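Each chain carries a letter (A, B, C and D) given by its place in the written order, and its residues are counted from 1.
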């Protein structure tokens, strides 16, 4: 039923603000090296929560507004005949189903995160704006679902397992693969993805100096109940830089 | 009283040289990656020591002369109606109060310094021009003041604690946060901030090779009583490169 | 006899698609820092397997279609009078002789690989698309052939030793020197060379965090019997970026 | 006597080829990050060995042919009234006196070399073209001469000590300071400086993987008695890139 409502509402109303932010997210994350040729970014429709917007299968660095299409939460394109689709878009649908608070999702192969994907050392917050990492980013091992494939998330069962590993967090690492970051908005998701990457570099370097003082439980708890100050300042700078290059 | 004098002198006389150097400092430190979207730079007025100049709240990479405003040492803008102000500008006022010799202040999240912020390993001078680091940069832990916030320096008590941790040094690290560098001029402050960042990278790399031979006490003492040779040579090169990009 | 056939077929028919991909490979690998001034890239002729195409001796970043010449598998140029030839082109001929499945070869000094060239630690796959590294890239030590030279591969005996060390793999490291990556197409060879470089960086960083979970045997075996999904997406992005810079 | 001859020959004959290479050396080494605002490069006059050419005191990235002046081996400018001179130019004169085979000298603060300047771990050759590092680059400690200064080489005694530490090698590291690379030509000196920097990064990374297999004594000895193959290929690429940026 909500699907019917959504199908009525979405196709005619691509929210220009959301599309603009989604294009910017693709460019910003590419410009930061957080997205390579194969990552993908989506945003849940703000009036029709059973749908999300995502680019056709292409390098995120090259995405324009004309490349954005709508899918339902079973990852079926709303418009018939769409064929250039990301194989792994099932990640997006299953996370939106499992997490009603999530409005944006990115799957990437963020280079600083890969070492933590394949390690027992947890990625933990080094600085205040990384408090969203909490007690440490969970790592999803696809072998907990099946052990027959190429490590890509291609089935509903795999994506559901990934969503379970994510739980109520904002970042989950994928063993031998990459990461998924989510946010309550496109801009928050972009912050999470960029901050996770820089935090990983800080933690790796700090490990060379000896024991690391991570954020305290109290600091993590504070961040969970408060808002960041002026988060759009970074967004505007990042966007200006990313769009200038293209 | 001195405030009255200052209020009379400052508003009409934004020193063009100081403003030009302050804009250049914003650009140079951004160009070096020492400033991200959230750092801020200030300079004490040269004729009215109870006032300082700082940009409105914005990414330092985008600062122009028109964005610079004057504040008193209680961080109140001289001109009524200024609303786009840095939350953490209290850092600047309290340091200028505590350190009459300081003429410029930067607060940043310099990436090479973060590992040292969260470590018991002290940042120590690897090369002659880093002698200002002395026996090692102090680390300010905001929990020595209170443990209720998001690690940002938002209150006078926190900023006073930070100024005490800085003491008579030129750089203080902030656990889980970043750093504050100061100088007896804008250009010296910029040197301190850039050299601290590169010194951190050198020290981190050297730690991989085994025990490190830091500057000796005698070398640190010599640097304290002498002047660097031709410091403006680097300033001119840095400025030329930073301004060309904008 | 096959040489006669080939000599008849090749000189008049430089396959424009192959030449275009070979120029792009030179540029892409230079743009990624995988090729410096001294590496070289070749592709086997698709209709005349006893010949390969390679640029004249020059920095790969500057190669254009006009610089590409044909050689037989004894590394003799087809056209008389060619003098600007790579000293180490013997690598290409001997690998094409030993590996009929190989259609493209690059010899480089990929910076991330050098540490593994001089170590007993094997380069092993961190992520799915690096599964081609298998149980670990072999290291060729030129001293197993002779110990009289400058580590360059200049003789048939040295190149045959290198081809033996490569065996049925896609990458071989050369102690104190660099690497050779091969592929069943130019584009696959480029992928191998770029992924090897990034995988090396991931592995090095992960080593700082503790024991590393590499791909499992089952995951490596799966990759061996399957095709990558949409490999040309990265190729197009890389090519667009590399050609724009020149 | 030779000085008289030289004074007669030099002032009127700035060798255009040498000047062109010297300007390019300044730009190339800046472009590689091997020279910062404070390094300096010189070349011995090819017909008058008692003189050398060097830029006025300025950032090497900005040097043009008009900035190059001649000095005698006591570092006195040939033309009266030159005042913008490098404080540390005594390095050049003393090395040219001690090493008749040396035709070019660079003093830099090459970032990858600093960790080795302050360590007991020796910089040793990882790859064939770094064989000039021999059994390991010597480290000059200025305290072996005196312990009263800022680590800069300002006196003849200090520069003579540095030249003794260099001995018959091509690179000497300066504790807490940087490096001096020399060559039998400008181009060889540039190669030495760039290769030393990259070799340092390779060695640092390899140290993370375990014991390192450096070049063997036999390989080092071979390199000492042979010539590199086509060294100008890198020079041309480096020059083209460096000059395009300015």
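The criterion applied here is as follows: contacts are C-beta pairs under 8 Å (C-beta built on N, C-alpha and C of every residue); 3 or more make two chains touch, one makes a residue touch a chain.
Please read all numbers here as calculations on a predicted model, not as lab measurements.
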| item | value |
| --- | --- |
| Most distant chain from chain D, judged by the mean position of its C-alpha atoms | A |
| Interface residue identity across copies chain A, chain C - same or different by half | different |
| Between chain C and chain A, distance of the C-alpha-averaged centres to the nearest whole Å | 34 |
| Inter-chain centre distance, chain A versus chain D - centres from mean C-alpha coordinates, in Å | 49 |
| Residues of chain A whose C-beta touches two or more other chains | 208 |
| In contact (per the touch rule at the top): chain pairs | A-B, A-C, B-D, C-D |
| Footprint of chain D on chain C - complex, ascending | 36-38, 57-59, 61-62, 87, 109, 111-112, 114-121, 143, 147-152, 175-178, 204, 207-208 |
| Residue ranges of chain D touching chain C (in the complex, touch as defined) | 125-128, 131, 198, 201-202, 205-206, 208-216, 218-219, 222-223, 226, 229-230, 233-234, 236-238, 240 |
